[in-house]
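Naming follows writing order (A, B, C, D and E), and every chain is counted from residue 1.
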Amino acid sequence: MQRVSERVIARARELMREGTVNKVAGWKAGEFFYDCAPYVFESEESLKDLVYDRFCAANLSKYMIKNSVAAGAEGGKVLVLLKPCDTYSFNQLLTEHRIARENVYVLGVGCEGMCDIDRIREKGFKGITGVDENADGKTLTVHTLYGDGEVAIDDVLVNKCEFCKGKAHMIFDELISDNEDEGPRGDRFAGVRELEAMSPADRFAFWQSELSKCIRCNACRNACPACSCRKCVFDNDASGIASKANTDSFEEKMFHIIRAFHVAGRCTDCGECTRVCPQGIPLHLFNRKYIKDINEFYGEYAAGAEAGQRGPLINYTVDDIEPAAVSDKGGN
Amino acid sequence: MSVNADWKPRIVAFCCNWCSYAGADLAGSSRLAYPADVKIIREPCSCRVNPMFILKAFERGADGVILCGCHPGDCHYSTGNYYTRRRMALLFSMLDYIGVERGRTRVEWVSAAEGAKFSRVMNDFVAQIRELGENVKVGDLRCKE
Amino acid sequence: MINDTLTPRLAVVTQIRTETPDVKTFRVESADGTPLFDHMPGQCAMLTLPGAGEAMFSITSSPTVGGYKEFSIKRCGRLTDALHAMEPGQQIGIRGPYGKPFPVDTEFRGKNLLFIAGGIGLAPLHSVIEYVRAHREAYGHIDILYGSRSAADLVDLDRIQNEWMQERDTGVYLTIDRPQDGWDGHVGFVPAYLKELAFKPDCTAIICGPPIMIKFVLAALIEMGFDKTQVYTTLELKMKCGVGKCGRCNIGSKFVCKDGPVFRCDEIDELPNEY
Amino acid sequence: MQPGVVFAQDYQYMCSEAGQNIIKDAIKTHGLTGVVVCSCSPRMHEATFRKAAAQAGLNPFMVEIANIREHCSWIHKDKEEGTEKACVLMRAAVAKVTLNAPLKAGESKVVKRALVIGGGIAGIQTALDIADAGFPVDIVEKNATIGGRMAQLDKTFPTLDCSSCILTPKMVEAKANENIRLITYAEVEEVSGFVGSFKAKIRKKARFVKEDVCTGCGVCMSKCPSKKGLNEFNMGLNNRSAIYIPFAQAIPNVAVIDKEQCIKLKTGKCGLCQKVCTAGAIDYTQQDEFIEEEYGAIVMATGFRPIDASKFDEYSYSTCKDVVTSLELERIMNAAGPTGGVLLRPSDGKHPHSIVFIQCVGSRDVSGRGKPYCSKICCMYTAKHAMLIRDKYPDVEVHVFYIDVRTPGKNFDEFYRRAAEQYDVDYIKGQVGKVYEENGQLVVRGVDLISNEQIVLNADMVVLATAIEPDPTARKVANMLTASIDTNDFITEAHPKLRPVESPTAGIFLSGVCQGPKDIPETVSQAGAAASKVIGLLAKDKLTTNPCVAHSDELLCNGCSCCEKVCPYSAISYETKLINDHGVKETRRVAMVNEALCQGCGACTVVCPSGAMDLKGFSNKQIMAEVDAICL
Amino acid sequence: MAMKKIALTQLEQLFAALSLTRKVYLPVEKAGQYDYAPWQPGLTYHPEVLHTVKSAKSVFFPQSEDLIRYKRAGLSLEISQQAPEDEEFVVFGVHACDVAGFEVLDRVFLSEPVDSYYKARREHGTVFSVMCAKPEETCFCGTFGIDAEAPGGDVQSWLADGVLYMEALTEKGEALLAAVSGIVSEVDDAGTQAAAETRAAHKAIMERLPLADLTTDGFGADAELLPLFNRPEWKELASSCLGCGTCTYVCPTCQCYDIREYNTGKEIRRFRVWDSCMYSDFTMMAAGTPRPDQMQRFRQRFMHKLKYYPDNYGGAFSCVGCGRCLQKCPISMNIVKVMRKLGGANHNDK
């Protein structure tokens, strides 16, 4: 990752210096080694804080909605660093006319999988002050206030990277990557299948338990590149379903089902929802369910694989399956 | 099963204006009875039915929701029910996935000439909902007090 | 049962007057015959129509009239639509009074007063004007400049013509934005008319109206030699609790519901520009 | 009373003038802003009540109907339950009407030209009546000539007129009328648009004969060496040449080449017809042509065909040549038919001495093989056939097996009685179990239901009164026109009693058997009725459009284009414009609805995640209010 | 009152005994996350868990609560008020930061006019604090003068070698310990010594924390409001803020709320819910909002914590340095980054 990182940063500087772009959307170093934040750098000087490492999981596509328009208004171009999975979101936003493509320079960056600081903490590390990637490329040494330890990278990957869709970029103007595309990593629908195999009562209990944690902070929605509505129906009093957190009500379920439905066929499975959920709710299980259903009912479809696709929910064939054919899954 | 003997199912039926609502009218003029638990909401087309409406019905305490439209290929608006078919297949699958009984939701294609079918479908659906009993899984507790 | 500050009292709308096409005045009395609460001019109260919501409205009636509170309310959203659809006899909830009043018994005492209002902005000033009229001898000369889009949009025109214009030592100046048939009065925007009238800066000015009007009126007053310490206005922000706790009507460290809605213009300058 | 309700009144006949006056008075007296009528289906009287409201000064779209008849009192036996449900329906309607907004209908143009699909008697009569009123009409006929089924008939019941004698003048008139354009040998391929301005694309199939040059002399037919094509006009009972004029009175009287049979078109050799044609009308290179035209109204007159009798193998139709259908018998009896009008049996051309008619073949059949409905005309044409045979050939024994004889028409029962009594036709109430051939003789085994005896009859011919079904093109055309169709493929009428010649789709009208089985006089009167509806439409200069159309809230619109993609009418377009959102100005892409094109289906509203797209008259809030009120 | 102790292994008995007379709230695991929930047999305390996701404030200021119920019929209206809390409860396992968070809320809700729902819960609730074990690198309670070794509340306690040493600080605390006197035991000198040692060890860790150097310089009641408000850096700080409410909802001191209605069809319930000034609709009125931009909303939140609140409440800050927002912000923007950028060495006066 180190090598790609250096090249990415150098190239971003170069493109800024030569005037190809006047802004760079990347990740800015933070207080700790792991808390880099999405940031749009506006000067070559400021790029000293640009980082690209194992903790740059945030998907920058959504930021291009505002920034591509702003860049155009200023007569410049914004460079955006996109990991392979991020490019799907970028394409989907292009499909929906949300990004002014001509104002964006996509620098595709290779990715070997992002680490999740929360998962490192879950391994029992407290007071983490740093990590080093070991020479084997498979483990991290974790430094803490209370001593050092080691952890396998595979065990602390962000969920979306655990089920990486592949190392290929769907769109880019320039690519910096050392990765061969080995295709998807793991079976991303395994979690969905596991749930489907449960009895309805167990499924209900599972979701009841998970969703009762929801605090309706809207992080999932606000981070989601598909949830890019100017005003969400859940924020719009005129919509009739606007709501704010209310415990013991139906609202959490309603919120998550509707949200999943609204992004069905548009969700690229970028995994941001699960990554940002402060309560650790596996929200991707909603979206992957829809992706799996769509694939099974209407044929394989990957939102964002290319710009301009017609999504499965704004499409049909005369011999689509009947809703009645969607039968009870699993036992009783 | 429901423990409350007085319980009567609340069933919302969304019917498209051109086929199913007319089918319901025909069922009426033909005196083809079905239980009064079914309450019909008229829509221009089955494709007007937003999943939000269905969830809203459940939130408010509905025990079953049925959506009726023209037969695929016969939509008054040509293609509306094709979209309905996809949307509802996915929505119902999701409701099933979160553990809501699959039988609480249904789509039926009923033409304006199918008064008898309308009645049959409603009788059948009500029987199914009675079998499933009260909807306790989805719904706002505040509405149930 | 303790009565929380957020719980409204039961009240009844006893009278509804249509003032203009989109303004109605509602008279509210307590449902049990006991007095609602005491208020001073400029203060507000929360009105609740369950199902439509709750919002803060300035009390239009003067504390000098007893028994009831009146609210002139312009139709501009879900709640006000519902209020406008009410019939006399409708029971509603009311809680208050909230906010700091105009300093009618302190700073205003003995002063000449210049009231400048636009449209529904007359509502909070109405209470002050009536209060001053009730204690007429305690104040100097009064001028009232009131403008609206059209003659039909002048709120409480009857009272203005029949009472205020007849009040001693009081000048009343009306204006409408555009000429119309049957209007032989002044035509033009309030700030321009204000300059035309060239009041001397020997009085305390009280402004209320749409933000754009306030902005230009204030500029005009400064131009006319007024100091900001002589000018009072009211601010409006979204409110939920009315008691400085829900956290949304603050401008810097001040809460409009608690520290306002009446502000002296020099105080506003010290606040961040978020209103 | 529900919050918001200030006046309630019970009246038995709300739709009557007195009832409407109650509504009007209440609107005026109480200053009502909305009206709910608890009555029959809105499909029945919504327009009535809206009109009444409008007359009282209330916007007509502030009226909602609670359907407490068809959806309630007529189907729920338990009075208490029914009443309870009626209250719920009323509550939902009140909840909805409080959220109704006044709507104003827009206007759209009316193209003053009609399209009639089908050139049978129904289509011809409709076209003639429309043309007589001064509006141009196009008749699109899939066959090479107009005339349809009626042209194949020999005589008509109950008057025994010669069918072609009364039809031919109408056909000629259609050709001569300058407001009528006949587009024969053609099919409608695409229809778009809506009432007032439909756009149709018509494929005119290649005849390989120049229509405007051919004189109809018929020389080509006699010279044509290929004579193996089945003569469709004679129900395939004999053959015709590859180049042919369907029948003598065909309109247009123009030859057509059957490209499956033509040696020249198949092998490139021959060309005889071209050589003998003195007019020089033959053109082997002719291609299909397309005509695109706009129409204000479209009439479906696609007609019928007899069902395939081979499905009823117990009658040995497919194996015995002497088992024929009634329509085949028509041709056998007709002077222009294969036998020149002499009754000869098809197998050996001999004169038959005994004929058995079997009624209800495939009609009133709930087994699934045939049709559940009564084909309506069979009783009468069978009586006609029996009578004509007995009249011309008194030596022939005629037996008719029937389930019921249905004669509810003017002079119908008299006609039937004449057949049975005067002409001594042997009517047997009973069913035929089997028809088979035994030693060159047809044997009919049946049962007499009155005597309850088995009957075995020897017959020289058996005639099957086969059911009729809509022409197979009807389904295709209906789909194109978005006209609804029933399970038997008959086109659904807007109202079975009150709007029998209109389809629920505005601007689409029904003429003839495509709507349901009927005889000629009924067809002609319905054709006239459809024409008068079309005339009424075309006489208008503008149409008011349905105001329940989609509407996009620019402040909410993301510009994602999902709505645009699902709109069946291309009514949504996108525009980049300056939007002022509470003082924040931004130039962006937003959806716009063309209200003249939008038909109000609502497909767009559901694909719009932000809810920017909503449907007037059926808004999200209105529907959710109904849901809330019902689930209370 | 003298210190008492109980073996960690016996805590369940303590909870069982307490729950006879009151509800016991403690951090409970649910689907992998810890939040405060009522104790039930079988549940125990996990001292290694530093933070619940939501702070302990939800015990006193729940995320949503019904306030008033209305019934409308024709013109008439019936108003009934939800009864405030009237049962005793104890919150066990609160750390110093969250205890300090209660004080932040107290200043708001207990000042006139008093919020009776909050007050009732405060009066009926006893806070049983525990000194945190192993603070995280994200902890900075020291910045706000909070002494993590003396977590405070009604009873405070320390864990050393499998024994919980506890000390009542208030009458309520004494009553609580008295109620379980049969289960807790007296502490001898060795015990006192052990407790003191664990506190000292903790102090040493606190001093080594990476954020130990963070100061409130440049903020507070003494800082100048408008210059701070107008700092250009707000723009870049807020530039990637998603406008979600995560920081607000996990924060022990955020107290903004919304009052909303829910119509069940039979009655209208007015309820209070947490709200976030980060939300775009927070100050939205029919005519518009004074904070149309996310930058303004972002600035509001931090100005409130570091300037407005201190102005209104005697200089106290509305942040207790628990570090939850540092761990939970989806884009890793937080109060520490704000304070580093605008305060300390970068503050206006320097």
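Annotations
In the analysis below, a residue touches a chain if its C-beta (ideal position, glycine included) is under 8 Å from a C-beta of that chain, and two chains touch if they have at least 3 such contacts.
Everything numeric here is computed off the predicted structure, so don't read it as measured data.
Seen from the C-alpha centroid of subunit A, the farthest chain centroid is that of D. C-beta contact counts were set side by side for A-B and D-E; A-B has more.
Chain closest to the overall centre, judged by the mean of its C-alpha atoms against the mean of all protein C-alpha atoms: B. For subunit C, the chain whose average C-alpha position is most distant is D. In whole angstrom, the spacing between the mean C-alpha positions of subunit B and subunit D is 31. Separating the CA-averaged centres of subunit C and subunit E is a span of 40 Å. Subunit C and subunit D have Cα centroids lying 69 Å from one another. Subunit A and subunit D have centres, each the mean of its CA atoms, that are 55 Å apart. With touch defined as above, residues shared between interfaces to two or more other chains in subunit D number as follows: 3, 566, 607, 620, 624, 628, 631-632. Counting partner chains per residue, subunit C shows two or more touched chains at residues 51, 87. Contacts with at least two other chains are made by residues 51-52, 56, 60, 73, 79, 83, 87, 140, 142-143 of subunit B. Taken together, the subunit B residues at the contact with subunit D in this complex read 10, 12, 17-19, 21-22, 24-29, 31-36, 39-45, 47-53, 56-57, 60-62, 70, 73-80, 83, 87, 111-114, 119, 143. Residue ranges of subunit E in contact with subunit A, taken from their complex: 30-33, 35, 48, 50, 53-54, 62-64, 134-138, 205, 208-211, 236, 239-240, 242-246, 248-250, 258, 260, 262, 271, 273-276, 279-281, 326-328, 330-334, 336-337, 340. Within the complex formed with subunit E, the subunit B residues making contact are 60, 140, 142-143, 145.
Residues 1-10, 48, 50-51, 53-54, 76-77, 87, 89-93, 236-238, 240-241, 243, 245-253, 270, 272, 274-275 of subunit C touch subunit E in their complex. Those residues of subunit A that touch subunit E in the shared complex are 30-32, 34-40, 58, 63, 117-118, 126-129, 144-146, 209-210, 212-213, 215-219, 221-223, 231, 235, 243-247, 272, 275-276, 278-281.
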